[in-house]
Amino acid sequence: MTKTFTRSAGRAANQLRPVRITRGFTVHAEGSVLIEFGATRVLCTASVEERVPPHKRGSGEGWVTAEYGMLPRATHTRGDREAAKGKQSGRTQEIQRLIGRSLRAVFDLGVLGERTITLDCDVLQADGGTRTAAITGAFVAARDAVNKLLAEGKIAASPIKDAVAAISVGIVDGVPLLDLEFTEDSACDTDMNVVMTGAGGFVELQGTAEGVVFTRDEMNALLDLADKGIRELIAAQQAALKA
Amino acid sequence: MTKTFTRSAGRAANQLRPVRITRGFTVHAEGSVLIEFGATRVLCTASVEERVPPHKRGSGEGWVTAEYGMLPRATHTRGDREAAKGKQSGRTQEIQRLIGRSLRAVFDLGVLGERTITLDCDVLQADGGTRTAAITGAFVAARDAVNKLLAEGKIAASPIKDAVAAISVGIVDGVPLLDLEFTEDSACDTDMNVVMTGAGGFVELQGTAEGVVFTRDEMNALLDLADKGIRELIAAQQAALKA
Amino acid sequence: MTKTFTRSAGRAANQLRPVRITRGFTVHAEGSVLIEFGATRVLCTASVEERVPPHKRGSGEGWVTAEYGMLPRATHTRGDREAAKGKQSGRTQEIQRLIGRSLRAVFDLGVLGERTITLDCDVLQADGGTRTAAITGAFVAARDAVNKLLAEGKIAASPIKDAVAAISVGIVDGVPLLDLEFTEDSACDTDMNVVMTGAGGFVELQGTAEGVVFTRDEMNALLDLADKGIRELIAAQQAALKA
Amino acid sequence: MTKTFTRSAGRAANQLRPVRITRGFTVHAEGSVLIEFGATRVLCTASVEERVPPHKRGSGEGWVTAEYGMLPRATHTRGDREAAKGKQSGRTQEIQRLIGRSLRAVFDLGVLGERTITLDCDVLQADGGTRTAAITGAFVAARDAVNKLLAEGKIAASPIKDAVAAISVGIVDGVPLLDLEFTEDSACDTDMNVVMTGAGGFVELQGTAEGVVFTRDEMNALLDLADKGIRELIAAQQAALKA
Amino acid sequence: MTKTFTRSAGRAANQLRPVRITRGFTVHAEGSVLIEFGATRVLCTASVEERVPPHKRGSGEGWVTAEYGMLPRATHTRGDREAAKGKQSGRTQEIQRLIGRSLRAVFDLGVLGERTITLDCDVLQADGGTRTAAITGAFVAARDAVNKLLAEGKIAASPIKDAVAAISVGIVDGVPLLDLEFTEDSACDTDMNVVMTGAGGFVELQGTAEGVVFTRDEMNALLDLADKGIRELIAAQQAALKA
Amino acid sequence: MTKTFTRSAGRAANQLRPVRITRGFTVHAEGSVLIEFGATRVLCTASVEERVPPHKRGSGEGWVTAEYGMLPRATHTRGDREAAKGKQSGRTQEIQRLIGRSLRAVFDLGVLGERTITLDCDVLQADGGTRTAAITGAFVAARDAVNKLLAEGKIAASPIKDAVAAISVGIVDGVPLLDLEFTEDSACDTDMNVVMTGAGGFVELQGTAEGVVFTRDEMNALLDLADKGIRELIAAQQAALKA
């Protein structure tokens, strides 16, 4: 590919931003992780509650769900506070549903038992990729919460079947890029969010053409990038969990 | 592929349900289309208003947006009426945002001028695939509305650059299937909604693993099915528009 | 009466618009009726649920209730979607309360037993008289739902004591008219909605002076018209139920 | 009529409860009236604002509207506060729309000019007939507000064309009664609210069968009662306005 | 103190407005008190319900809570009706929480038993000091409700441990004043609401500088005024309860 | 004072928890401060917008306001997300109104000019004293935002007249304590929040008796503690601003 696009900080097209995963960022939650993809910073907490929503009562199965929020000044210009407006935007709901589905994909809800793990993903600072950082960080928080349940003897085996992580990819000025930051995300022709497991299976795939449609070949180039990025994220998760 | 799965009405794995497109289904809207994918029936109306939302005012550009609803008893068991509950579900918001993006992908908003086309997609009867039927039907309604603007001399050229249609594909019991009906959708391992243009470019791609992750090969098999289905839908749109 | 007012389609002052009642319009509901009063088209579904609202629990009695909605582009200009606005208008609430009371007037709730029949009346196309069409169609849907309960042996006798139907009457340019269409409704001095049973008793009577008050004589002329119209509607219901 | 029904306080079937109208009950509003129908007490204030709602802007016409509320403990058992619940009930909306229409029926909005009169009717104590007391009291408050506008020279002539008052009538144990109190209202077979002008024209007529349908003869008996009651109420309004 | 400030009606700086307490103002509530601080008039009702909110269920203890509202035209210019707006303002919530805490401070919830007393404080006319009048009047209403419970034998001893009353104090043009009326409240540099018991203990103290901060000496001067005023209010409560 | 109460970490009764103020905690806001009072951590951002709310338009004056939130798992057990519930609690509204008033007390809104500074105070981790930490941190964020306006030449002089800080004090087991942490706050008889300026004037004073009323002497002891604490906080603010 002869196209060129200069990324900030001399980043290569197929390079992730620096990933930092800080466990135990706050003290009350069963799992609490600050994840950073470059300047994007998301606080992911996992809360365990010994009850399940109505559709799971008496089923013997647990539930894993997520909520997403963004602090009003996580962004360049201040956004309205959703609590003050009295409703969550469609975008917020889309994202929190995506995080919940992604995490449930690696959980055996029967092994979890009738309890709920809620993953709260709150964006402290946004620079693109907040939903993919949220999924990647929420997995680590969920692992910490599960380890606590195991240590307390509340469950005998881990309900987590595999790791899960997510990354964005996109085409900017014709160049496929891994892990878009805000300025790239705003400029891109195609934006795709990919969620994969440690074993390399797809959990979610959401591609959107912005202005220019994309071809099968372009999609394949993006998926190759995403595959590489997610392997690195899963390695980062493992490293953080061993620390 | 040696796997087998018996579909209702003897349908082949790569076969669409019967598609019916009825233009002029109601009389007031600038475009009004009843689209049926088998037992799924969605009323799509296109309304033209000579004003734009705040973010487009003074831009010289128009706007295309969508709203989606389902009648309470469109489904097997009665669902709560969203107007009575006082809010639209996350699912509803996801779908209407998807329809809006899909239609905007084939519109030149500058050629449209400072006016809004709103596509209301209301499900009268649901049997799987309501969002893909909605996108496919909304395109026909949008064409009728644009033709009315042209006939009235309000615009000199059509702002519509290409056709757009959508279909669902999924893997049920290991078999890739085109155009899932409700029982298949409930049983599937992977569910993917694909939105493509007449020229064959991707507009949106949303794949979700339900329980079992999917591989790149499976995804490619699904996209082949989707490609075939969308070509047929676009032919059905053209036929309806010529009628 | 020497006054004259030319109605569309050469309709006489005491003549209903063509009434069409289509049973089984959609497949999932226990009763599903499309009713048309001329260009007014309302889809009425009856849903049976084996539970009752709190005020009827343990009473041995059932409940009959109604909800009303209008698709955004059922009208000449697009109306806001109530689900998107987050609340039902006062007009919507008035109408759905009226439909519910009208249907309950012919039900023996003790014979129904502890179950609820919900009548959803959704206007697909509006040209005046949507609430009266809704009541008239909802009765047919309710009959179909009750017949299903009888056929399934869930109830031993019908809880329906009589038929019920409704019509609007009004005075336009001094002329009493039966079954107002939209342009007549907008122009009328007095508008009255009348709900009556098959036996000819009044269930509801709602008359409103628009600009000019009305006399007892005018009211009597209107009630004579309504009486005639409702007899014809009840005949149309019976014919549809026999079909 | 040989039927008998013993009313509280030895009241005759065609007798109003004692009516008391206290002008200037509170000091800030342009009109402020406490109206009592027996134990029912409603505070009606008329507020003048020098602006009109959007649909009247630039029309040269004013607007008259009403809001209705009931203090939580106006009734035998405490009702939820609508402000705390976050929405007005369907009943509240029905009533305030009725009050607004009734008052507008006697207003010439062009003579009023581009200003709004809002009639707030708040029930301090309820014993049946709150909406009819509200209409009857709101008229007096509106007159006081109009007189203030005249005195200040803001309008040259009164926009009020006639008086308006309202009363309930109903059939209890087969006996037509005037001005139902709470226990009668709860027991009645038919309940009708009648709004009439000083000249004796009908403004609104709302009759509802509760359990037993009603005949044309019964309706005529009720209207005769209402006519008598409203003449007395209009006399009471005139007396209060002269005081 | 050589500063001077002329109060309306020749009131001294340390003088309350005329206080009137009318018990039994409405008939349905277990306690119903109209309290007037000059032109400020608040209707306080106490409602007893034989159930408690979730956090008290099974505790053996009761609950005392308050709700506050202001009629739209209690003020010089009409305020929006909170029920119509669909939410209570922050000011309303602050005030009703303050009333509830103040009353609970003198209640032994264990002696009350598992029942709830709700104090509804609705401002009919406002001229400053509505929250302090509300607390002072609510105490009398609560006493009446408790006396009713005692008379009915539902409780053996009174759960009320002491009286409670409240007053505002503030500094206007450098002069500390007792019981601010509206014009003083609008002009004041410091505004303080003080809630005290009959025994002279503080229950709540809320002081706010409006524009100019206040010193410890000023605060002490204000508390001296408040102490005097509250003694007089408690005497007025006792007198009303003996009447 | 001979009473004793053992505080965690050997803290003296009149000792603040360790205070840490981190400026520039996030990058987008004009001021961004993480403030920590022991384990309580609040992110305070100041956002400048070149517009004012309606009540200030055309006044030549600016506005300073605050919003407050708490992440769902800032606390020991997960709290509901207010954005998901669709409304802010009374507690949240009380706190954000307090923060706004406190900051406005040290601002000259005329010097600020027609622009708004919004202080978002979001609690990342809670251990008592979140509102006092929020006020203290918000002041530093506001200073940074003002310095940015000065540096950009948008204002010629600082609109900030003095520093402002806040602290809680309370009586636990009879002992007056400075800067209550969560376990102390839960156990205290009296809880007081004090807001003071650098010059030592009171801005806000909110004392609440929890169970046991408090005397003037106790209040004075608490104010002495608060005075000491606020002097130290203001020193910490100055130190942070010099760093």
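Note that the chains are named A, B, C, D, E and F in the order they appear, and that numbering of residues resets to 1 at the start of each chain.
Here, a contact is a pair of C-beta atoms (placed from the backbone, for glycine too) under 8 Å apart; a residue touches a chain by one contact, two chains touch by 3 or more.
From a predicted model like this one, the values you see are computed outputs, not experimental measurements.
Student: Trace the shortest chain of touching neighbours from subunit B to subunit F and give its length in steps.
Tutor: Each step joins two touching chains, and the minimum needed here is 2.
Student: Please identify each chain that touches subunit A as well as subunit E.
Tutor: F
Student: How many degrees of rotation bring the Cα atoms of subunit C onto the matching Cα atoms of subunit E, given to the nearest 5?
Tutor: About 120 degrees, rounded to the nearest 5.
Student: Centre to centre, using CA atoms, which chain is the farthest one from subunit D?
Tutor: A
Student: Does the subunit C and subunit D pair touch with the same residues on each side or with different residues, judged by whether over half of the numbers are shared?
Tutor: Same, since over half the interface numbering is common to both chains.
Student: At what distance in angstrom does the C-alpha mean of subunit F lie from that of subunit A?
Tutor: Each chain's C-alpha centroid was found; their separation is 33 Å.
Student: List the centre-to-centre spacing of subunit A and subunit C in whole Å, with centres computed as mean CA coordinates.
Tutor: About 51 Å, centre to centre.
Student: Using mean CA coordinates as chain centres, what's the subunit A-subunit D distance in Å?
Tutor: About 59 Å separates the centre of subunit A from that of subunit D.
Student: By residue number and range, which residues of subunit A touch two or more other chains?
Tutor: In subunit A, the residues touching two or more other chains are 86-87.
Student: Flag every residue of subunit C that touches subunit B in the complex, lowest number first.
Tutor: 26-29, 32, 39, 41, 43, 45, 47, 49, 67, 69, 71-76, 78, 81-84, 86-88, 92, 118, 120, 122, 124-126
Student: Can you list the residues on subunit F that touch subunit E in the complex?
Tutor: So the residues of subunit F in touch with subunit E come to 87, 90-91, 93-94, 96-97, 101, 105, 192, 196-197, 199-209, 211-216, 219, 223.
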